[in-house]
């Protein structure tokens, strides 16, 4: 590929997710393959402001495809929200000869990239990296598939003890304002109920449903609750409500927490990261900018960053129905 | 749903794969949800011939969604290839009041279903269950995603010891005549080379490539070989050839074998199984027959069984290129 | 073995733990091997009172060695604390011909067994099953090794995200009043600090130590806190204190919760369960009673139940020092 | 501790095993704790001859406790078997100021260390690192516990598919001349038969036993075969023999291979490695030499290297009997 771009910078920003390292590796190796230089930028936009750069070749990314987290580290940067911070960044990039950027992160990351592109006409391509799967323009964000397996594995363990004791467990999972993790991991874990922000379930209906579940012969129950769900103020309030209204139940709460953000990425996330990383570099070299690379109907495709930020990933209502049917 | 169908039979046939139990569970619970009876048929077509049936309700399939294998067991049946065998099957089904079938398996299973449907005008719907992902009409067969994770996890372990000793490993993976497992797990595991039947690589090119890899500074290598690949007679012959031509290498072989067919299904496979199982029952109740349910562009869709059998799943050549780039 | 015992009952009681099923399997098969009958008693002492018994043969315990939880289910029984409850139990056992018991559980379970033995001169042998490892007379309780691996695996994932963000995590683990899980999993996970009830650490010393850790160049930290530790009222209070005194830190809390009680048992726990189950049956057949079977200096050995209840497993202070050294 | 020793070298040699990195980390940090310098020696004795040394501080070993393999790499060295090679080593050590060695490996490693000590009166302490558990003077070698879990996890997967098809599987596991892995993982995986070199089983007895197993109602079987077992020439010959004599069986072979040597170490192996690494450094500083540190009756204890090399770890015959009983 011939291109005016000679050196590409890559950074990770926002919450980390499994697969980010695999994407960094793919960006670095695609640069090498297409004979452009590559520079790793540490700690996201903050490192861009501070000039925390490192030249990266194919051997610098060996043995990271299977590691969670991000070797470039991540951070949230207040300074990048100022014009001054972004100007510093621009000068650092220019001084280092970096003439295009690949940014791995979520909404916030892309918003920063869009502004930066608008102000300095600097070529940027985004890669969606977050476990929450809440980005428009891709069926999967990096780390989402891994997080689903982590959640399902944890709930399988909780199920062992729930079954042994005829208990009811509320399991809170991540996902910010989106119920993707809760719905999919809930189905995968065979949850009796799944509470997601996209569906207002109501406390009465929950108790009703748990009663039906008990009558059908179930002796233990798992209720998966998305952290964004608003049925109760939080999962502990849910517990209190159910204990009051169903005193026969021994209710427990488990908040899965940050382990959902780590771990060795699944094969799916590693392959997706590899595809997205390669495509991001190729897109820049083809003169494209201000796009996010994503997976749409099983193909790698570009979506304008603006749409990726404004749009929201939809909840598949077929899945909600499947969930009702298989938990019967 | 109103329908003339009152009782649905479900069986698993051919090689088992993770997710089959989740699909059985979904079929049983969808039957319950739509108020039709459900009958489990043991040991595939052989059990159908022998009348090895069991009525199944929602509680009979509890706690199986996370189990590998198939509680209905599987078998290959020579008797079902005879007219007599199929007639016996038909009479057993009629006598038990079963008026439609869901069949979980691969090519061979679907071929049997199609013949049975043609001879007795018996409603059949197939669900693709095989780790090989070699079925036309679905982007994923049940068990494929799980097998990829199993393979990648095993190769991660092999990589630990390969790195410690500067060794070259040939790792043979399953997939029959298709290279899907090898290509995807190979990318996921960061393999230096991936040998698949869809691409004639040649022994000379392999040695050349390994030499380049060594010159680039790599001190250990993993070559993933699809069992269907024909570059050498088998993976041990490959080892001999490379040892002869690259005496500086300490070469080892690992044939991953049947562990690839088992294990707790991934979240993806559990959700897919749930969706396919529900859709299979709904399709029968809507009067459809002779279709396979599959995943096409992220939606559950039907493909005529005939096409599913004759068509072949294509290898994505974008992926082959991605593999070349990221292994550089 | 010749013995007056013809039928042995087995139950699980108290909190369940991985390896209980493997122990049940070993008890059932040892009975078969020595030609005595075996009866499974459901839901611990409560099922004994209610006569919830089932005859068990070798095939009834197939494919359970790798399953978490307990197929006999567990429960806490208030009724068994009454003389009346125990008399009912005795009559149920006599009526069923059960003339000896194997009880799998912890302190509370053994206390019940000792009383029952004293009142009715009924032969009892205990098997220590709890993840907390807080039983005198055995270096390992069933499930402890598995729980350690579960905790370490979870913290490895948390470490990924802690490293990516330079964060401080407080991770609360189980263990009741004993710090075994915290100390061992803390060392295993490479924790910077480990807070256990056996050692009064003090909030000041914690902050001091975290400061030293930071000065030594560490950019993220994991502090493992035993649920029994009394340094703060709870782990959230710890977070508040550290945030106030070390405002530069981004502090997070993760309470691992009940997933620690489930999961497929480790090989160690499966083998230990097999050895203890066999030995429990053999001990009864040799006329022994009122003992716990345990692992002492790598050999299966008996400890009087009374001692097992009153004694307490000691914390190895060598390990505390090792922890200080390797976290430097 | 006051000592004449100012700088300690550490190396890994022979086959790598999970836990070696945790031991390296403990050695490095114990050196720091006791204010002596530490030098990592790459590629075992070969690196010692070639002067492939690197000063190591506490931060150089961060985030390796959970990694399989060895960051110091390993190798077998023919040169070290020559007087010349050992003299070169001695001069390299002296020139670098290294005045004591910690050697992590197996029999061969210790033999080299003993000779080196005898020739140059150079202080050496060995740490047993091999998955085979075939070293006298320790109940566990580093990596053995992890390997057991890897094997059991793999056989659990094979069991899924064996059960689904009523098949007989021969699973070959590692262990060199010792049956420890086979016996323990065989019990853990619920194997029907376990063939170990310590017990001459005979092909006839195997067929007999499989027949009994079948008659008792078992429909699938797993036979675990130690690589050192001599019942057949190899596991494929076993398959042929059984197929000839039990034509009703569908027999498969799985050779688990090198994945057994890798993977993230279990909590047990990480803690053991930490304890052994600390003790090795402390022993050198106390003026001890020519010992192996090991785990004996749950305490860290020293065994003269000579005994560690000549002695052999015994097979516990109680376990063989337990295996017979629980597989009934």
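Letters are used for the chains, namely A, B, C and D, taken in the order the chains are written, and counting of residues starts over at 1 for each.
Here is the rule we go by: a contact is a pair of C-beta atoms (placed from the backbone, for glycine too) under 8 Å apart; a residue touches a chain by one contact, two chains touch by 3 or more.
All figures in this text were calculated on a predicted structure; none of them were measured in a lab.
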* Quickly list, by label, the chains bordering both subunit A and subunit C. => none
* Between subunit B and subunit C, what is the separation of their C-alpha centroids in Å? -> 39
* Could you put a whole-Å number on the gap between the CA centroids of subunit B and subunit D? => 35
* **Chain centre separation (subunit A, subunit B; CA means) in Å** => 28
* Listing for subunit D: what residues touch at least two other chains? -> 156, 159, 163
* Looking at which chains touch, is this a line, ring, star, complete or other? -> ring
* Footprint of subunit D on subunit C - complex, ascending -> 25-26, 29-30, 32-33, 58-59, 62-63, 65-66, 139, 145, 148-149, 151-152, 156, 159, 163, 184-185, 187-190, 216-218, 264, 266-268, 270-271, 274-275, 277-278, 297-298, 300, 318-319, 321-328
* Asked: In the complex formed with subunit D, which residues of subunit B make contact?
  -> 12, 15-16, 18, 20, 67-70, 73-75, 150, 154-166, 169, 252-263
